[in-house]
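I've put the structures underneath this note.
Note that chain A is present in both complexes that follow, paired respectively with chain B and with chain C.
Coming up: the complex of A and B.
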C-alpha cells in the first residue's frame, strides 16, 4: 500500500513540478521543501492533489516540513489519515 | 518513528544515564582536536568582533560568553545541555541588562509561559494571555504606569511579541514537544538580550532541529560560517554607512539618485548580518536552524524575493495566516483562495510591522510610506503567485543545470526585480510626502551619457551575478536536508577542510586591514580599509535619513537607558547638556539653545560649571582689564569640553600654559573665553561671535569640524520651518533669492540649503572678517578632529581648511593632533562617543600651542620660546606612547 502511495505521489511531483527531470533522481528521501522543490504554492497544490487522490483531509498546520518534506513523509501522512478514517 | 520521536528517544535515554558515567562518556566521545578547532574559530570570531568593534559592547560580551559556554555545553551530557543553555541565556540577560532588569524580564516572561500551560481549557488560557497582553500594551504605551519596565520593553517585546503567537499555535495543534527547559530556551534564547531585532524563530523548527544530526561537527561549522558571514555583512554595512551612503538632500542627478536608492537598500545588510550571527550562535548550542536570508540581492521575482529575505518572517506569516486562510477558502477554487490568502498575509505583514514597531519603540507606526510599500509589494507578489500557480516555475532536483538562454532570462529577471525592489524600498524609507518623493525621483531625468553607461554596466554586473549564482539553494544543515534521521551517517562532511578554510578567512580580514599599505590596492581601497575598524555608525546615522529597520536597530533613538547598557555607558549617563540645569532651549530665538549662567552640574560624570555670562568657563570680567590678552573661542561640544571636567578642557589647559610660560613678557595675563555650546552650527556660532565682541577679544578662534555643513543646514532648516526671525537681513535676502522660505518642502529646502552651504559659510566669514577688521581683532580658524576621525573626515577638514585660507583666515590645523595615538579608543570619552576625553584634550592643547608658535600672528604675542616648544613635543610623545601601550 505504502509503495503505491509513494509511486503515485512521485509521479505527480515529477509531472507537476519537475517536468523533464530524471525520475531516478527523485528518491523517497529527497528533500522536497527544504530542497527547494516544493515552495508554498507547490505545497498547497500537492495538498489538494493528496486530498483528492486519496480522499483524505489535511489540516493547515500539517502542510509543513514535518509532514511533507519527502515522499516517505507524505506516504506516512496519507497512511495515517487513511488509517484514522477507517 | 518520526524524526521528532527519535530525537526525543535519544534525549530520554541520555537523561536516564547516570551523570558521572554520562559526563565521562561525553568527554571520551568528544574529539578533543575538533573541539579545540571549533573553539579556536569561535575565539577568533570573538577577537574579530572586539578588534573591529562589531555591534555593541554588550554583544561582544555575550559572544565571549558563548565561546566559554559552547565548550562547557559540548562537554556536558545531552540531558544537561538544554538546562545549561537556558542558564547561560539567563546569565547573558543579567550581564547585559543588569540583575534587576533581568529579574523583571524573566519574571514577566515566566508568567506568560506559565499562562500557556495552566491546566484549564485552551480557550481560557488564550483569554488570560490576551488579558495579560492588554495590560502589557497599556504599560508599553505608557497609559498604565509600570515602573521598572522602561529599559526592558524592547527586549521583552522582542522575546514574546511573535514567539508567543507561534508557541500557542503549536501548543494548540500539538505540533511539537513541550517542556520547561525547551520553553525557557525558546523564549530566552542566548543572544536575544542584545538584539531587539531578532529572527522570528519557529518553535516547531527550534525543536525539530535540536541536535538533529548524528554528529555535531558539521552543525558547529555551519554556525561559525554564518557568524563570520554575518560579521562580513556588518562590515559591509559599515562601509555603506561610512563611504557610500548620501542623504536625500545631496541628490541632484541620476547618479546621486541611483547611489541613494541602492545604498538605502543595502542598509538592510545590518539585519541580515545580525540574523546570521544570531542563528550561527544558536548552532553552537545544537539548534540546527536554517538560513534566515539567502542571496536576497539576487532575487529573480517578487515571490522569490519574499522567499529569500527574512525567510523566518515569511514562514511565520505562511504558518499563522496564509495556510489557515487558504485552507478555509479553498472550496472557492485555488486561484481565489490563493488571492485571498496572499492579501491577508500581506495585510498582517503590514499590521505586524507596526505591532513590532510598537513593542520595540513604544509608538504606533501608520505612515503612507509603510502602507504603500506593503500594498504595492502585496500586489506584485499576488500577480507573481497567480502566474506561478497557473504556469508553475522552473524547479530542478540538483540545480545549476540551466541552459544558456535560461540563465540569460534569469539574469534579466534579477535586474528587473532588483530595480523594482530598490524603488519600493526608496519610497518606504523616504522622509517626506508622496509628491516630494515623486519630485525626488525626477532626478533620474538629470542624466548624462557617462552616468547612463555606468548604470547600465552596474545592472549588467548584477544580471551576470544573478545568472550565475541566482539559483543556489537556501542553505540547510544536512540533518534537515536529508531525511532528518538522527542516526544517518555523516559521510560527506570534511570537518578539517571546513575548519581550515573558515579559520583562514577569519584571519584574512584583520591581516588585509593590517597590511593594506603593502597590498596592491588603490588609494581608495586603502583608505576604506583604514576606516573599517571604526564604528562611526552613530555619528553617520545622525546625519542621514532613517528607515524602518534603522529606526528599530538604533536603540539610542528610542531607549537611551538600553543603549547605555549596550554600549558600556554608565547607567544614567546624561546624553545632552540640555537635560541638565546648565543647558536650556530657546526655540523662539535664532540660536535655539544656550548655556544657562552660574550653574554647577554633573554632566557625563564630570563637573560642569558655567560662569555668570553663560560660558562653560572660569569667571571673567566683561570689560577686558589692562595688560590682558584675550582670546574668544567659538565652537561646539568638543571645545565646550563634552565629557571632561572643568579644568580638563583644552581651552583651560592652554590658558594655564600660556599664563605659566608667557605671562609677564608682552602681556601680564592671557584669558581664554569659551563661548562654545554643544551642537552649535555656524550661524549659531555667528550669534556667539557677536556676544564675544562685547568682551573685547584680541583674537577669535573659530572651530571647524567635519559635520559643519550638515549642522548648518539642519539649524537653518529648523529656524526657517519654525518661522523664527532671522536677525541678518542679508541672509534673509539670500534665502529668499534662492526660493527658500517656511513654505518650501522639507527635502527641497534641505537640498537648496545644502547647495548654498559654501556660499553661506563664505558669507559668515566675510561678515566676521569685516567686523574684526573694524575692531582690530584677529580671526583664525581651528580645525578640530574627533576621537574617531576617519580618513574621509580628514579630507573634508582639509577642504574646510582650504576654504578658510582662501577667505583670508589663518588656520590652526589640529586634525593631526591624535596622529601618534594608534588606539583611538584611548582618546574617546566612551565607546561610541567620539568626543575627546581628558587625554585627548591634553593632546589638543599641546597641538594648538605648537601650531600657535608656528603662526607669525602668535609669535608677535608669545615670542619664540623654542625650549618650551621642544619640551611640549617631547611630553606629548611620551604621554601618547604611554596611552598607546595602555590601549594595546
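Coming up: the complex of A and C.
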C-alpha cells in the first residue's frame, strides 16, 4: 500500500514540478522543500493534491518541512492519516 | 573640451599626419588601406552623394559586409554632411528595409547580393529603392572604388568639398530592438560621438602605433570606439569578419598574428576565447588593453581569461546605445579569489554626469535606484518617436535633460556603481522583489554551468521563472540537482520553476543573449 502512495506522489511531483526530469533522479529521500523543488505555493498545491487523492485532511501546521520534505515523509503522513481515519 | 566639431575631420587630419600608415586592415584577407587612400576613397563617395543632392541632415544607409569598403562608406557619408545608418547585413531583408524606410534614407551603399531582396521588401512597404552605390563584393576598398568609377562613367560627379558639419548635426542612427517589436533608431550627433571618443583618448591613451580590434558589427554601438578612436589617433583598425569572430581557435590566432594591442568586445566572445581559443599557445605581450561591454561578464569566465592573459589592463565599460559608454571600471590587477559577484560598472565618464533616482528623487548614499545620465554623450532622441523620446528623459529643476538608463544601480563605499539589474527585469514574486540577474549570478556559480539566462512570464500562477542553462560538455542535466544547488544560494521564492537545458543559449546579432527568443521559448512550453 505504502509503495502505491509513494509512486502516486512521485508521479505527481514529477509531472507538476519537475517536468522533463529523469524519474530515476527523484528518490524517496530526495529533499523537496530544503532542496528547492517545492516552494510555499508548490507545497500548498501538493497538500491539496494529497487531500483530494487520498481523502485525508492535512492541518496547516503539518504542511511544513517536518512532514513533507521527502516522498518518504509524505507517504508516512498519508499512511498515518489514513490509519486514524478508520 | 571636444577636439573636433565632427567625427570625420579626424580622418582628414590623420591622413595629413600619417598618409602612408595603414588605417584599416581586414583580418582574414589582410587587404589593407592607408590613411591617404581611405581619405581619398571616402572623398569620392562624398562627391557622388553631394552630386546626387545629399545634404546636411540627410540619412544614407549602409548594407555592407564589414570591410575597408564599409569604413570608407561611413566616412564618405559623414563628409557629405549626412548621417550614416548601418544595417546588419546578416539580418533579414525585411528588417533592413523597415529601418531604411523608417528613417527615409536618401541613398544607400549596398552589396549587389542584397539588392533584389531589399528592393522587394521596400516595395512591400510602399517604398522604393533609393539611389544606390552598388558594390559587386567587398574587400580592401576596391569594390567601392569600382562602383564609384562605374557611376562616374555615365554621370561624372564633380569634386566637392567636405561639408561643414555642426556639432549638433546627426552623425549616425543605430537601430536597437524596441520593446514594441519594431527596431527603434537612436539618433546620435557629432558632439555625442566626438565627446565619447575624446573620453576614450583620455582613458585608454592610444597612439598611432596601436592596432585595434573591430569585432562588433557596425550597427552595434561598440563599433563607435572600434572605428573612430583609431582613426582619430592614426592607429590601425583590424576588421574581424562575422564568421571569424565566432570561431575561437581561428580568432585567437588572428588576434595574435595581427598583433592587436587593444581588444574590445562583448564578454560572451571573450568567454568563448578563454574556454576554447587555446590562448596559452601564444605570446600576448603586445596586447595592452582588453575592454568589454554589452552585458555582465560572469566572474568565473573573467577569472579564466585573466589567468590566460594576465598582464593587460582590463576595463568593464557600461552604457546603453543612447549614451554609449557612460560608466567604466578598471579591474584591479590582483583578483580577489573569493569574489563571486561581477565587477562594478564603476564611475561616470568625465564627459557625462550621473544621478541615481528612485521615485522621482535622488537616493541617499548606499541606496539603489535608476541610473540617469546627462551630458555631451547623450543621444538626441529616437528617430520619429517623440513619445518614446519624452519617456526616456526627465528634466530637472535647473532644466538639465537626463536620460533614464532603465538600469538599477547602487554606489558602493568607494563610490563605484554596482549594476543590480534592469528596471524591467525586476519582478514581484510571492510579494518579494526578485531581480532576475541575481538568479543568473547564482546559476553561474555552479561549476558545471557554462551559460545561464532567466526570464519571467506572468501567468495564472502569478509569475513563473524560467531558467535556460547550458552545461559543460558531458554533464547530465538534472533538475533536482539544479534546484538543490539554488536552494543553498538563494531564497526559495527565487528558485526557477522551470529549467531547460540547451547546448548553447541563443544570441542576438550583437552577441548578447537573446532574451526575446528565450521569452518566446518559455511561452511555448
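As a working rule, the second predicted complex is superposed on the first by the 86 of 86 C-alpha atoms of A that agree within 3 Å, B and C clash if a C-alpha of one lies under 4 Å from a C-alpha of the other, contacts with A are read in each partner's own complex, and residues count from 1 in each chain.
As a convention for this text, contacts are C-beta pairs under 8 Å (C-beta built on N, C-alpha and C of every residue); 3 or more make two chains touch, one makes a residue touch a chain.
What you are looking at is a predicted structure, and each value in this text was computed from that prediction instead of being measured.
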Broader residue contact with chain A after superposition on the shared chain, chain B or chain C: B
Which of chain B and chain C A:63 touches, first, second, both or neither: first
Touching partner for A:21 - first (chain B), second (chain C), both, neither: both
Touched partner set for A:80, first chain B, second chain C, both or neither: neither
First, second, both or neither for A:39, with chain B first and chain C second: both
Which superposed partner A:72 touches (first chain B, second chain C, both, neither): first
First (chain B), second (chain C), both or neither touched by A:11: neither
Contacts of A:29 with chain B and chain C, given as first, second, both or neither: first
Those residues of chain A which chain B touches in one complex and chain C touches in the other: 17-18, 21-22, 25-26, 30-31, 34-37, 39-41
Touching residues (chain side chain A, partner chain B) in the complex: 16-18, 21-22, 25-26, 29-31, 34-37, 39-42, 44-45, 48, 59-61, 63-66, 69-70, 72, 76
Contact set on chain A toward chain C in their complex: 17-22, 25-26, 30-31, 33-37, 39-41
Touching residues (chain side chain B, partner chain A) in the complex: 2, 4, 169, 173, 175, 204-205, 208, 290, 303, 307, 318-319, 322-324, 326-328, 330, 334, 338, 385, 388-389, 392-393, 395-399, 473-474, 476, 480-484
List of chain C residues in touch with chain A within their complex: 430, 461-462, 478-481, 483-487, 492-493, 495, 497-500
